[in-house]
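Right, one structure below, let's go through it.
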Amino acid sequence: MKLLAFSVSLRKGSFNRKLIKLAVNAAQKKGVEIELLDLLDYEMPAYNGDIETNVGLPEAAARLKQKLESAQGLIISTPEYNFSYPGHFKNTFDWVTRFQPMPWTNKAVLLLSASMSLVGGNRGLWHLRVPFEYAGGFVFPLMFSLASAHQAFNEKDELSNPDLAQRLEEMVGSFIRFAEHLKY
Amino acid sequence: MKLLAFSVSLRKGSFNRKLIKLAVNAAQKKGVEIELLDLLDYEMPAYNGDIETNVGLPEAAARLKQKLESAQGLIISTPEYNFSYPGHFKNTFDWVTRFQPMPWTNKAVLLLSASMSLVGGNRGLWHLRVPFEYAGGFVFPLMFSLASAHQAFNEKDELSNPDLAQRLEEMVGSFIRFAEHLKY
Amino acid sequence: MKLLAFSVSLRKGSFNRKLIKLAVNAAQKKGVEIELLDLLDYEMPAYNGDIETNVGLPEAAARLKQKLESAQGLIISTPEYNFSYPGHFKNTFDWVTRFQPMPWTNKAVLLLSASMSLVGGNRGLWHLRVPFEYAGGFVFPLMFSLASAHQAFNEKDELSNPDLAQRLEEMVGSFIRFAEHLKY
Amino acid sequence: MKLLAFSVSLRKGSFNRKLIKLAVNAAQKKGVEIELLDLLDYEMPAYNGDIETNVGLPEAAARLKQKLESAQGLIISTPEYNFSYPGHFKNTFDWVTRFQPMPWTNKAVLLLSASMSLVGGNRGLWHLRVPFEYAGGFVFPLMFSLASAHQAFNEKDELSNPDLAQRLEEMVGSFIRFAEHLKY
């Protein structure tokens, strides 16, 4: 089984980049092949039907589609912007859904979030489930929201709190079983 | 009182561009000053905290902020993409919220949607309310969703169905009273 | 594999009662054991922590818990009330979550809706996904919303539109495979 | 101007009962008439169209409707159950919407929540906005979520944290201005 992973936050020092790396490590410890993408490599213009008609789908959308076709599922770590998901990733998502069949269909999806707030970005995750589920993705019911993210990592970029670290590892393990169960 | 208006769909022939023009006409008939913006004039990169730190907020975000400061409210017509709002507009929204105070605060907001589906884009509107309300906007409770939009306009780009046309006019009128009540 | 099924609408002549029967038939044709419950047999008071402390959990909640423990998944057909799910079923759901472990955990869930509107109750389903997913249920991404339900059934209480009838059968079939995949 | 107020939690010692009393005090300090209802006085059966047809709307729904007609707005404090609103109150809401015109229309609504969690019940409030807004209520954009509610009150049932106490008072004040602006 192969998985993809990426951080929705584009900032180099982002807490979500740190968190997705921990999830990637956890998946590799379980023997799963997992490829970490950088969304900075997949820039796209604002979705515009005239571009689609006159120019075609962006080359970056085609590359992301190919990556998705190679994988059975994906792990995403995303910040929350204004009580919902970051718009730029939904724009990416919107472009990719213009391929038929939609490349998100039948993919298992694990959603993580990291935020400096006490809530940990959880509201954004609930909004983000909707387009994935509309597109036929299997979004794992459990989600991992890291609160107070600016205080959560030690100098090795591990989670300082061992209970949290264990909970993340276990959730990644449960998700891998879920994704394997759903091999279509 | 001054209002702004724009279509979230960027496509030139978009049903949402037609619908927002009808809303602008309705507002003008009520004697309200209303400026129709084109989001194609406000292109921004994907939100990235590193850009914000190293380069600053996009010039287009600053221009949109100024427009917002000049107005008491706004009317928006938006398609629904994948059961939620278009990502590119949320990216615009996210950039603009980086100004303090957030330029959306205390603005009255009327949400319209047009879609070829039977549902008319209503699900996207419910997601879009959340960031506006988080940012302290006063989103009018009633919303107007135009279903089967490809069959809804006549050759003059008016709504063929006189009941729908009247409902749109009345809703714009109710919204204007709401916005005037909320003059802060 | 055993499944449960019920209509959230309590009305005897409800379109959702008709729809859930069609789903039950479709599951039986696939050779699956499925038990149709009537929520009128599971009346509970409004959730009140003082009742829980002083009297205990309602006997009807305990019976529903036992039914859930006997099954691997459930199919629910629900109307939409006021753009969300019916409150009375959420009250039932809330009581049942007071058992530990929560009896909804790891259950596969297929959500259907029937409504006289053109939208078919779809908005209520999106709200209803949230408590099920919070409780660790595996909600099938696809959902079936029957619009114009008052015109949808023939005199034998089958769907008059053969395409819709086939789509329902196929969705039940896909859900059964999903539930079997997720046998934990 | 007259307002109503109530706690959705029915438990006698509920944190939401404490919080709504503080909101009532704050409104009274602003010179507003506000009546505190107890939802235990408004018990209703599970919504059932057969009851509505054969017996009529519950007497408790009619009493609540009369209370609503006497008021310009309402302040509600509610716990979060399973990441959404308590089902029993939505059942009450559903019954009351069977009166025409819907008694919630044009009412200004302020939503508060108290919870022992770090999130403070905020997710339930976002779900609860939807039926109120569908029914034409003017839900104030700002909401007050009291986290760690079991540690938040002093022995006089005031908020121990003076910043939080001031924020609640200010939000009630802002809401009162909003409700007065929207006098229809």
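By letter and in written order, the chains are A, B, C and D; residue numbering begins at 1 in each of them.
Convention: a residue touches a chain if its C-beta (ideal position, glycine included) is under 8 Å from a C-beta of that chain, and two chains touch if they have at least 3 such contacts.
None of the values given here were measured: they were computed from a predicted structure.
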item: Centroid-based (C-alpha) most distant chain relative to chain B; value: C
item: Classification of the chain B:chain C interface as same or different, half of numbers criterion; value: same
item: Distance from chain D to chain C - Cα centre to Cα centre, in angstrom; value: 29
item: Separation of chain B from chain C, taking each centre as the mean of its C-alpha atoms, in whole Å; value: 36
item: Of all residues in chain C, the ones touching two or more other chains; value: 83, 123, 126, 130, 134-135
item: Residue ranges of chain D in contact with chain B within the complex; value: 126, 129-130, 132-139, 141-142, 178, 181-183
item: Parts of chain B lying in touch with chain C, wherever the complex brings them together; value: 83, 118-119, 122-123, 126, 147
item: Residues of chain D that touch chain C when the two form their complex; value: 9-12, 14, 39, 43, 45-50, 81-94, 97, 123, 127, 130-131, 134-135
